[in-house]
Every structure is written in structure tokens, then in C-alpha cells.
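Below is one structure, written out as C-alpha cells; the observations come after it.
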Amino acid sequence: MQIGQEVKKGDLIGETTAFVSAPVHASVSGKVVALMDAPNAMGKMVPAVVIDNNGKEEWTQLRDNPDYMKLTPEELKGKIKDAGIVGMGGATFPTHVKLSPPKEKPIDVVIINGAECEPYLTADHRMMVESPSDIIEGLKILMKVLGVSKGYVGIENNKPDAIAKMKEASSGEANIEVAELEVKYPQGAEKMLIKAITDRNVPAGGLPMDVGVVVQNVGTALAVFEACRYGKPLIERVVTVTGLGVKTPGNLRARVGTPVKELIETCGGFNNSPAKVILGGPMMGFAQYTLDVPVAKGTSGILVMSEEEHSTSGKFGPCIKCGNCIDACPMGLMPSMLSLLSEKGFYEETKEYNLLDCFECGTCTYVCPSKRPIVQFVRLSKSLIKR
Amino acid sequence: MAVAKKEQELIVTVSPHIRNDETVSRIMWTVSLSLLPAFVFGVYFFGPRAVYVTALCIVGAFFSEWLVQKMTGKEITLNDGSAFLTGLLLGMNLPSSAPFYIPLVSSFVAVAITKQLFGGLGYNIFNPALIGRAFALITWPRAMTTWFEPTAAFVGLDAKTTATPLAILKEGGMQKIIEIFGDKMSLYTDLLIGHRAGSLGETSVIALLIGGAFLIYKKYITWHIPISFLATVALMAWIFGGREGFFTGDPVLHLLSGGLILGAFFMATDYVTCPSTRTGQIIFGIGCGLLTILIRLKAGYPEGVMFAILLMNCFSPLIDRNMKSKVFGLAKEAQQ
Amino acid sequence: MSHQHQEKVSYWAIVKNGIIKENTIFRLVISLCPAIAVTNSVKNGFLLGAAVVFVQAMVNSTVALLRNFIHPRIRIPIFMLIISGWVTVVDMLMAAYARAAYKEIGLYIQIIVAFASILARAEVFASKNKVGASFFDGLGSGLGFLVALVTISFFRELLGKGTLIGFTIVPVKPMLIMILPAGGFLVTGLLMGFFNWIDMRFYGGKGAGGAGGH
Amino acid sequence: MTFKDILKITMNLVVLYLAGGLLLAAVYAKTSPIIFKKNEQEKKEALQKMMPEADVIEKLGDWYPHEKHAEYFVAKKCGELKIKKVKNEETGKMKEEKECINPRTIGYIVQTFGKGYSSYINILFSVDNNFRVQKIDILHHAETPGLGDEIVLDYFKNRFKGKDIEHLKVVKTETTKYIQAITGATISSRAVAEDGIRNGLEFLEKALKGEVKHEPSASREG
């Protein structure tokens, strides 16, 4: 890319040769004005391309393909790869990589994750209500790519409208099933979802493919469909803008690269006194120090929390060993011990308590009556142990 | 709308950004509340002395907590309710006949030595209230085994003293108890209501069960410890409790008497000193039950709940260490 | 800490070191069993302490005398032989000439053999120093032990029986637990904490740490 | 390890063990007669204290309550006590020797053991010819201080005076007919009265009737 170059929507602006990565496309049409480092959601500075939007919304040449189901799995996979599709639940793992399991790990189930990965977020919910058949099509493409005959859509049972819509959309498909799930955090975590739907236990330290399952987010399925059907690259996504600190919360279809500030303004701006702006959900999202952060492919929500809504991890008490965190931990760990050991500096010993199986969902910290920053202690241990 | 202006004030912390509204002090005060029915029954049966003894315990507990925290330069945490709860539990574990120095000294031992010297809330190995009581029992064995008759409570200073049902059982056997209480039915009824000699808060089984049920309903305790504890006691009492041979014991009598219900629902379930894992809690409960029956039937003391729980407290860390909760994904592998 | 004391170190300094800086119970935390077992009266604490002073001084002197003669490979068994020899001598002498005292603590005299403190002093000091210094080190550490035992038993007897050296101070029995083993642990622990506190508060915590033993 | 080392170690051991052995032997030679004499004397005094009016106390035999070695004695009073001066053959000094003429039995002294709360209580008691307890003494015990250890106090020991086998029974209520238990220490009280003394008395009666077979003591030692 060069400064001054004209781009159209969907033009490839970032390419990659590495296996576990995906290309990036221009989300607006206009002129490249800068190549610089910009902050991402985690607060890290990463390379970015700044495009001055000329407002023309010109699309690059898209290859429409109504007969996409006739393509071979390899061709479909190529399209997904070229569209730069990544896991849109937040992890942004390149989808085509997930669709290329090693031979010794045969896949027999594909699950579409319609269980919202965190509280507050409703983006997946909206998508399922608004474009159920596209999602089902996306699932069918995924099943074809993987050569799988069984597909599920997992939805928490507090979203009856989404369940109804998805059931209706999949009514003609014998091998697609809509699974109603119990509402609990983190139901949207891959391993929990697989357990709930297929009753398979992903081994500790393992991946879903170890038990023959591939999980994809609702948004990902939609993007897969759009890429295969219309050749559309991933340049926009649905973002939930919510929290007591924003005037009119809602789900927005936002271009990748839109500054958070603009989305908040679209939703009526701040309400009373916002204390925290979080990209992602309240449990695992990242608090922002600037609103210039752009929406990325994995930005599922923008949460503006008011003073009374959020909690700062300030003063905390001693562990009273109530065991709430042990009951809450979806991985069956003992967060109390992890936090105690870490607090006292026994970082190596935390491995004995399966530190590395923790995926930092934050549930333990949420339930702790002593307000201990358990997840933070876990992260500290993780960064200090010898792996 | 000056969105940009707000930026400076944004708070940046790490996730998670929300917490539930449970706090340690709320837990402590709720548990204290759940002891209220039993305490009311204690006052009803043992009169103003019950209030006097318990109040001294609570005052002693508060003072000890304040003193140690002041001396060690720590933050004063009287309002978290843990000192209050310890004082209340200790008071309910003392006989209403206790002279003034017993509540004061034993609450000092409970809070200052057992809890604060070990690092304060969360770091004590033993249940503070029970250590306070054990200290008192060993130090003043006579005063601690002098029980007022429940009916004589309001009469005044010349209250009649009597023995607890378990002491009678140990001395005279089943016949003697039935002789005193009339028949089996009235024995059970008296025990259930709490019309018997004993520590001032341990007698009324009904009131204690109400409190225990409240705690289970509020999810502050689970069934694991109380049920495994009580079931073990009942089973062992039935098998070994009788003098005529195996399987002739009276489990109901053993369940309803002594400090068992108080111990199983309120003392053994103390967060800090019991195991945190569910399997561990069941093992803990069974251990408590076995030791209780062992002491009741074979040792010198008529009642064994206190020492049983204290002994099992030692094992809590060990149990937790070996009963780590099953890590997701590892469970299946281990079975295969 | 070096035990290679030079000649110029006065004997008094060696004795003082044993009593305060390297106090067997409160600073080195060894030989705690007797500190708890016999200290329920001042009389018992004093008698056992006195026996230990004698045994320790004699053992140290003997070890120092023989230090160049003993082959290092077998020094521990030889020390044990010396210790048990002197303990047996004390035992027999007490049985013959101090019947009253022997009746009180005769049982414990024989287990002086197993006191960690005696072997420890022989190993760390007497086996490396001259006879005179070793004798005074034995005297000092024995006196330190004696002082510790008397201190512990002072509190235990006063709090547990209301008496001191058998004389009634308080006419009631205040706290029975104090003369039970549990009280021994409590008093020893609290005193140890107290002395540690003094050490940290006034001397900057430079005292010796220690490992347990019996 | 060189040969020199081995030699030195051997030397060390031989010399030190010899020296130690010699020292101990010397001390033993000096103290053991004194210890033996004092032990005998103390035992005699203890027995005498049980029955001050007795002139002669003789051992009748051994018995084994709770598998422990105990002895029992007969106490006699002399009709006439002759005092003779006898020359000691070894030392050549003159020594007084008593001769007892027409002795009559005035009672018995029995050592017994009772299983207490935390120890076996070693008890010595004396009875008169009618098998009524005269005195009791607790030789050794390890009962709970402050509770069970009150068995050594006179108020409790005096409760035994004049009790026969039927009345050696512990009750918790106030009584002078039977043995009133020490408050809070029923087990220790019972150990002394019932397991110890009553048992001992039963044995004594049987033994005097010749119903007890004398077991070889060697097999029971240890």
C-alpha cells in the first residue's frame, strides 16, 4: 500500500503469508492517507492503514456466485480465506485455519455458536432474528467444507424468538438441529458449548477438533455465506453498543475500522456519567483509555458503563474460602487456590492447580464476596511461570 | 455532546468489569441472623443469663479483634461481622451458668489467638468459636459442665443444675434417660424443642433447623457437610450405639442431643476451616461424624462434636489438596 | 555465625551468648519437648534445667578435650556416647543423693540424652573450640535453657495453679489449661513471639533463626 | 578411607567406650548400694505408713491386675518385741535386731492398679482383718490435672476409710455410705474405688482362701 493510493470497498489492503492469519480489506472507498501504528482494543499499537472516506461507497469488483453450493470444498475454503473471515466471537482466529483440521482428527460435527458469549451483548441474537436463513446457509457451507453431516445451532433458551426463527429457517434441513441451551455464563465458550450440545469433553489443553467438533460464531457463519454467495470480504460486523452510560443502546452494523467514538455518537452519545468504555463484554472485555480505537473484526460489543454499574478492582479482602469461585468455574478449577498461591508468590505451584486450563472468563472474580481480583492473579501467575 | 472530553476521565481496569453484590460482611450478618431463632429459644429456656453470657462473648470478640488489629497496625474490620459471628457462636456454645470470665477469656482466645494471630479472617486453621470453647472446657472443666435445668431459668440465682442427655446416656444408659424424660416420645419431643440441659444455643433442634434451612435456601451453605455429618453419626450410632450389641443404638437420640445440629449446620460449615470442594466437604462431614461418635461412645467426654470438628479442621487443607475439583476435560480422560 | 571464637573473646561473652543470643528455646527453637513436658511447675523446670547445665558443661568439656582425637567420621556416635555417659552419671548421682528431686523429674533425666540442644552445642561449638571456651559455652547454653524453662514454668504455674514454687499466690486455680500440655505450647509460643518482637523492635531482628528439633 | 582411618576409628571407639564404661562402672559401684538401700527403705516406709501400728510387714505374694506386677503383704503386730544386739559379720559393728514373738495378723496391704481416664493408677491400700479399708495411697498416676488428679488429695482418700467390698461403689450424688465421686472425674474415682481397690480386695480374699494359683512371675514380667 502506498499513501495516496485510491481504494474501493473490499479491496485487499493487508496480505499475509503466515498460515494462522487472514487478509484485511478496505471497509470504505477513498484515498489512503497514512500508514501508521494505531492502538487496538488491547491497547497495543499495531500497524494500520488510514483511508480517507470519499463517501462514494464504491465496491470493488465482487464475484457473485448463486451456485456456490456446487463448488468444491477446497474452492469454498479459498473463498473464505480470501474474504479474510475470522472468528467473530472475539478470538478472531482465522476461519479457514479452523476449517483445515489435520487428517488424524476427523470432524463430524459443526456447531454454530448462538449463545451470546458474554452478558450485555445481543449482536448474535439480532443476527439470528434478522437473517436466520443466511446463517443456516453459512452453516451448510461450513458442513460441506468439512465434509460433516451433522450441524447444530446452539441458542440459550432466553431467546425464544431467535430459536423460533432458526428452527423455521432450518426446518427443511434434516441434519441441522437447533439446540436450546441453559442460560449461564460462559455458555458461549467453545468447550462449554460442545459439552452442552454433544456431551463431549474437550480434553484439558486440547482443541474442539480433538473431539471432532468445529465451532463457529453466528457472525462468522453469516460472513461465510456472504463471502461464498456474493464474494463479499469481511469488512463489517454487528456490534452491540450498550450499557447504562449510552443513551440509546442498540446493535449496529459497523464497518471494520470505525472509531468507537462514532458508534457511541450514533447511539445518542453518553448518558449521565460514563465511567468505563469496554470493547467486548463485561467479563473479558478491555477497558479503553481512548475512544479512537477502531472496531475490529472481533469487536462484538462496545459497553459504556456508568459509575454504579462497573466495579474497579481496588481494595479487596482475604480469601474466606467460601468456594463460590470453585462452584462457578466452568473449567472446574480452584480459583481460590490459584489466587492465594499467586498472591503469596508461589507462581510455579499454581501449575499444580491447573493454572493453564484457565481461560480467564472472569466468573470467579464476578462471584467473589471478598472482591478479590482472582483473574488478575491468574494472569500474573501465567506471565511469571516457566511454561 | 462532548464525547471527547470524557476521555480523560475514563477508568481503565482489567476485566471483569462487573461484580455481583455479595460481600463478606453480608454473608457474616446473614449467618448471624440465621442463628437468631435458636438464640431466642435459648433465652426462652435459660433466661436472662443466656443474653448475659452471649453479650459478654460478643463484647469480648469485638474488643479482641479491635485490640489485635490496633496493635498490629491493621485496618479495623469490626463491621465485617466476622467477630460478631464468632462471639455469637461462642456464646451459644457455652452453658448459661458460665461465670463472667469464661465468655470474656474464651472470646479473647477465639478471636485474638485463634484468628488474628494466624493472620486474621481467612487464615485461621481452626474454627475460632470452637477453639474458644475447647479452651474454656479444658481450663474450667467444672464450670463448663455445670448445666442449668431449662425450666429453672427464670426462677433466679438458685437455678437447679442437671446433666445433659448425653451425659446421662454415658452414665446410666438408655433406661436412665427414659426414666427421666418419661417415655421415648416425650424424650424426642423435648429434645426437638430444646427442653433439656445443654449449651444455651445448642438445645433447640427445631430452631437450629430453621436457621440451617434458611442458610441452605440462601445458598450460603450446601447440604454436603451437614448431611454427610448427620448421616454418619446416625449410622454409626445405630450400629455401635447400643449396649446390647450391634444395630441396637438409638440414632434419633444421638442426632437430637448434644451440639450436633448446631455443629453440623453452623460450625462445621465455617468457610475458612472446612474444605472448599464438594467431595472434600463430604469427606470432611463423614470424618466429623466418625470422630463425634467415637468420642461420644468411647472417650471420656459425653459430647464429641466440638473436638471432632476441630480435629477435622486440621485435615481441611490436606483434603482440599487431594480432592481438587475435577478439571473440565480431565475427568473423562482419567476415567478411561 | 562463626563459632571459631578467638582467645580474646571473654568467657563471660560466651556465657551471655548462650543465654540470650543463642537461647536454646527462644532463639534456636530446639529441645522444645522438655520445654513443654516438664514446665508445669517452676520447681520441675529449675531441676531439669540445672541437670542440663551440668550435662551440657561436662559434655562440651569432654568433647573439646577429645576433639583432636575423635575421627570426624564417627564424631556423632562418639558425641552420643559422651552425652549418654554423662546423663547416666547424673541419673545415678541424683538417684543416690537427691531422692526428692529424682522423684519429681527422674523420668525426664534419662531423656536428656535425646535433647537436640546438647548434641547441637557439642557439634557446633565444642568440637571446634578449646576446653575452657567449650565449658563456658556449655554453661551458657545450659543456663539459657534453664532460664527459658524457668520463665515458661513461671507463667504456667502461676496461671495454671495460682502458685509459685509451690507457694500459693492466688488461692484459686485460675486456668487449668496452662499446666496441661496445651498450655505449654501456648506459653512457649507466646513467649517466643514476645522475644522475637523485642528482638525486632529494639535490635533490628539480627538474632539467630533456627530450625526445629527435639 | 585408608587403613590409618580405620585404625583411628577403631582406636577411638575402643578407648572411649572403655573410658566411658570405666567411669560408669565407678559411679555405679558407688551409687547402686545407696540407691538400693534407699529404695528398700522408702518402700518399707510407704508400707509402714499404710499401717503404722504394725510391727512387721511381710510380703505374701505377687499378683497381676491389668497385666501389671503388684505385690500384697500381711501386717502383723507382735505379742512381744525382743530387741537383741547382733554383731554384723561383715562390718563387725553391733546392730539392733528385733525379734517378734507371738505375732498376730492385724491386716493386709495390697498394691493394685485401676484403669483410669488416661493412665493406670498405681494404688496401695490397707485393710483390717474384717477387710475394711483403712488407708489408701496413690503411688503413681497420670490423670487429668485439676480433675482426675484430685484422687491424691486427702478429702477423696478419706472417703475410703472403713468401706468394705459392698460399699466400694462410686456414686455421683452426695453420700457417705458409698464412695462419692470427684465432681467431673467419675472415671478416675471409679478407677480407684472399683477397678483398683474393690478388685484388689476381691483378690485378697480369694488369695487368703487359697483359691489363687500362683503364677510364675517371670512369664508375666515386661
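When the chains are written out, they are named A, B, C and D in that same order, and each has its own residue count from 1.
Basically, a contact is a pair of C-beta atoms (placed from the backbone, for glycine too) under 8 Å apart; a residue touches a chain by one contact, two chains touch by 3 or more.
Everything numeric here is computed off the predicted structure, so don't read it as measured data.
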| task | Figure out the least number of contact steps between subunit A and subunit D, where 1 means they touch directly. | result | 2
| Innermost chain, where centres are averages of C-alpha coordinates | B
| Maximum centroid distance from subunit D, chain identifier (CA atoms) | A
| Inter-centroid spacing, subunit C versus subunit B (mean Cα positions, whole Å) | 41
| Just curious, how far off is subunit D from subunit B if you go by their C-alpha centres, in Å? | 48
| query | Can you give the whole-Å distance between the Cα centres of subunit A and subunit C? | reply | 69
| task | Provide the C-alpha centroid distance between subunit C and subunit D, rounded to the nearest whole angstrom. | result | 34
| request: Indicate the residues of subunit B shared as contacts by at least two other chains. | output: 141
| Multi-partner residues of subunit C (at least 2 other chains) | 176, 180
| task | Scan subunit D for residues touching two or more other chains and write them down. | result | 144, 146-147
| request: Go through the chains and record each pair that touches. | output: A-B, B-C, B-D, C-D
| query | How about subunit B: which of its residues touch subunit C in the complex? | reply | 105, 113, 117, 135, 138-141
| field | List of subunit D residues in touch with subunit B within their complex | value | 117-118, 144, 146-147, 172, 183-184, 186-187
| said: Under the stated contact criterion, what part of subunit C meets subunit B in this complex? | reply: 175-178, 180, 182, 186, 193
| task | Name, in rising order, each residue of subunit C that touches subunit D in their complex. | result | 40, 66, 69-71, 73-74, 78, 81-82, 85, 88-89, 92-93, 95-97, 99, 160, 173, 176, 179-180
| field | Residue ranges of subunit B touching subunit A (in the complex, touch as defined) | value | 1, 3-4, 6-7, 9-20, 22-24, 26-27, 80, 119-123, 271-272, 274, 276-277, 320, 324-333
